[in-house]
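Each in structure tokens, the structures are laid out below.
One chain, chain A, appears in both complexes that follow, with chain B as partner in the first and chain C in the second.
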Partner chain A sequence: MDVQDTFYNKDEYVETASGNKVSRHTVICGSQNIVLNGKVIVQTGAIIRGDLANVKTGRYCVIGKKAVVRPPLKQFSSGVAFFPLYIGDHVFIGQDAVVQAASVGSYVYIGKDVVIGRRSVLKDCCIIEDGAIVPPDTTVASFMRFTSAGTIEGGQGNPDYVPPGMQEQMIDYTKSYYEHFVPIV
Partner chain B sequence: MANIVEPSCVNYVCSCGYLNPITKLYFCRYCLKLRCGFCVCHEVDSHFCCNCLENIPSGEAKLKRNQCNKCFDCPSCQHTLSSRATTVQVPKKSDGDGSKSAATVDTKPRKMYYLTCLACRWTSRDVGIPDQVTATGQWPECEYSSATRFSMLMEHYQNVVQQEKQEKQDLWRRKAPKQHKYPNLTDRTGLTASMIRRQMGLSEKTAPKVKQSTISPSLSSDVVSELPQDIFSKEINLGNITTIKQRLSHPSVQPSTVNNLYPLNKNLSIKRSLRCRQCEHNIVKPEYNPLSVKYRIQLFASYHVPEVRLMKCGPLEAGVSTQILIKIINPTLHEMTITIMDLPTHEEESLIIEEMKKKSDKQSLGPLASLNSAFSRQASLNEEPKFVDQKVTGTIALPDSSFMLQQRDDSTEYDDDHQSSREEPKFVVWRRSNKVAVELTVNPLDCKSGDEVIVGFSMQYTYVNTATSSGTDKKEPQTHALTSRVYLRIGKIK
Partner chain C sequence: MSDMSAKNKLKIYPKSVICDDESVLIGDVTISSGCLIHPHATIHAKSGPIIVGENCLIEEYVTIVHDTGTVDLDNSGPTLVIGSNNVFEVGCTVEAAAIGERNVFECKSYVSNLVTVSNNCVIGAGCQLVDEHHLPENTVIYGKRSEQRETIEKQKSLSMQLDHLRKLLPNYHHIKKPTFDPKKPREIA
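This part shows the complex of A and B:
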């Protein structure tokens, strides 16, 4: 099925000059530390914790409903420290997902109800299946699929887990998601 | 393709007859055929560790038994282990008796590392592995009882292989003696090169004979140790017993209790390159760098074949025709003419299969192909073409004419004005650069409610081939009319 229209209430959403569409019903802390690089959609109920450390996303990202994006923390003997969280371009974060990764590459698909543990590293072109729990400090390499059973499968050139044209597919998907994110008339 | 994890509702028929979404298909530019994962040879392109993302050359990977020697998997849950640092108080090296009196004072902190699994909380301390001084420390290799036996067997069989190779070479030399045009002096006098060498006091040129190593064959014995007396009466703690998965992930040891679990070296991952089985051209070849997501060769079907997407479907009721809206996208840099036709009948399909079989037979008999297959490591087995395993449960009223589809142009995204000067056929709902939406009428065939409606059509399209290898006149791109069969799952009857 082609991407269907997602309707939103025009009063609820703020559209910035660079094309970001951010719901008013979100918790965005420390907005001076958050950079959304344009055409990013932040949907109702999402939480972005810019007060902990910098959060930076690329272009054409989708942050789903009630998703939590918070910088990762690391415990030291002297206390805890938060690290900045970088998210690449064309990243889809499903609803109710919790992302505490150290970095998320470009063209990454994160399903719904996913928990991404502290300081995980998601490389470009990987898929996290719906409902998967990624333990802390995990690296998910490019063209790998983190299954809901907790295994990492695939590899570049293996057509069964991540489509070989993942980059184009994610670009197309996030762009058409943005185009089909329209106000109710 | 809308959702990457959901199954696609538009499937294409591969040249072998399997249905696949376009994202899993490849397009061989030389055969001009769709290829799925079964119609291509999978070859290992490069090895890398998917945790530390280090590229490991294939020779080294073989030496390391396809394992990374820095990264470990949890023996309990097969997740990656990470190393943790702790500070321990280590007694300072100081002059003999002085340290005894002030043992508590004279210590210095030192960082020690242990491995822990952050998914199941297993640690290397659980099984009594001592902490290491360095983060990627020299973790002790797990020893197993049959190690020496295995290495002996390995050595023996390697010798056997080498010996056989040598014998074969000797046989060749004897069978085909060098026929020189002019017999030289040594030939006539019976003085061979090796004899001369020996006379001159040089070493023998030929490789020394591999000495035959002998190993004692394994013997079966009738004596089996008795089961312990309390095996049926003793209560067992299931928490201490390993699961089958835990045992099999360490095949050389196969620990039966959890206190024998040892960290496992992480297995390497591979990047694959794919090759068409028919023409042996590369279809996909990724970059070597494990971090790169680029390809050096990428002949995905989505770059060459018009993509069909289901946009909208009217309410489906048994016996009532509905309208569906499909979007067709031209991914190529050339204009396309598309004709939507009926699926081939059973007879026509068998003709197609027949022709394809003939073609593949011809190709495999050709001199070049046989030469190639002799040299390639993997004998290429062609996937047998077969009938499509999919019943159609609806008919499509075909559009009465073919239509044009513009080439892909990335700059149109930024254009404001949409030209619509062309005379459009009736079934074209809208058109925008390289995309067109087509309305089709679907008639479900004797369906009950809850049945899925599946329709299909053949799509003929013009394809401009810019591949330069075929033909003598390289400059001129050739235009072909190609056909793909498409099956759509449009939904369930109410």
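This part shows the complex of A and C:
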């Protein structure tokens, strides 16, 4: 997959020892509760709510512009609790997406303007189309595609709703996105 | 409007929790007690004052604009009163002409300034209300085509969520100080 160079302003981004590139214009709350496992890109305007609960991402994730990553809330009869949010490796989160999932697997593609409802579970290698609204408590199984019309497509006898070799493609895509995320010279 | 005059017009009642990082409150805005505002929310009193009722929850990237089409230059614009116990979820844009009590505006919903919202309504995630509309009580807007129906379910109580966040947020954020105390006769400058 050909990924074009994405240029960023060198003054705007901070690169950590483990290769995370985090914009200064983000709202990272409760940074002691956030783990970015390396080579993660957090773009301008993104919000990560580590103050509500732990947020953990794997390697080579991309969190797009103005995306909001916040741990999900559950109301019990005795009170409320925020659950920790785990995101796997090689996950792409598009711009303006709102992710309130309980967990996101690896090699997941989340398009732009997506709303992931509270406590949803996204398994490995699934695709959430641009503009889709995933209702709360939904599980999207592996290799499924959640369409913008609100249906889950794929499954047995329905191949190729995700590209063949989804895992390799996401590894390729997120790695080359990271490599092509370069400062303006 | 200069920064100073905007600041003086902002009234924050005690016992509200407003995260100071990058939240934007422009114009004559009154935040009643018990409100909770997450970082990066925008409240813009463009055509007249906004009064946010008690115990409202306003999340990230919420935009509340009071816009009747005119810009309030001489403080004569009508007041937008937002009732108590409303929830504005992440990324919603609300320009409604009137908002009652106990409504929920879900993620990325849009309500234009031709809409009036009564009580106990839910605007579903991603729903757009553009045309002139009056939402009667207990209305639910749902689905891709923003269909409308009535609910018989009661809203879950917000108070536990608010209590939890009220304890949690001051540990991590700078909280705006109250600027107005109803017990004292005059404003604290």
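What to note about this one:
Note that in this section the second predicted complex is superposed on the first by the 179 of 185 C-alpha atoms of A that agree within 3 Å, B and C clash if a C-alpha of one lies under 4 Å from a C-alpha of the other, contacts with A are read in each partner's own complex, and residues count from 1 in each chain.
Following the convention adopted for this analysis, contacts are C-beta pairs under 8 Å (C-beta built on N, C-alpha and C of every residue); 3 or more make two chains touch, one makes a residue touch a chain.
From a predicted model like this one, the values you see are computed outputs, not experimental measurements.
After superposition onto chain A, the modelled positions of chain B and chain C are compatible, with room for both. Legend: residue contacts after superposition of the two complexes on their common chain; A:17 is shown touching neither chain B nor chain C. Within the superposed three-chain model, A:117 lies in touch with chain B and with chain C [touch as defined at top]. Contacts of A:98 after superposition: chain C is touched, whereas chain B is not reached. Taking the Cα centre of chain A as vertex, the centres of chain B and chain C in the superposed model span 120°, given to the nearest 10.
In the superposition on chain A, contact of A:138 is made with chain B only, not with chain C. Taking chain A as the reference, the larger set of touched residues comes from B, when chain B and chain C are compared. Legend: residue contacts after superposition of the two complexes on their common chain; A:150 is shown touching both chain B and chain C. Superposed on chain A, the gap between chain B and chain C at their nearest CA atoms measures out to 6 angstrom in whole units. Comparing the two complexes, residues 117, 135, 150 of chain A contact chain B in one case and chain C in the other.
Residues 1-4, 77, 107, 109, 111, 117, 123-125, 127, 129-130, 135-139, 141-144, 150-152, 155-160, 163-170, 172-173, 176 of chain A touch chain B in their complex. Chain C contributes residues 21-22, 39-40, 60-61, 90-91, 107-108, 124-126, 143-144, 156, 160-161, 164, 168-169, 171-173 to its touches with chain A in the complex.
The touching residues of chain A, counted against chain C in their complex, run 27, 29-30, 47, 49, 51-52, 66, 68, 70, 73, 75, 79-81, 96, 98, 100, 113, 115, 117, 131, 133, 135, 149-150. Contacts from chain B toward chain A in the complex involve residues 1-5, 9, 23-24, 26, 36-37, 42, 45, 48, 50-53, 77-80, 82, 87, 117-119, 269-274, 284, 286, 290-293, 295, 298, 300, 302-303, 309-311, 327.
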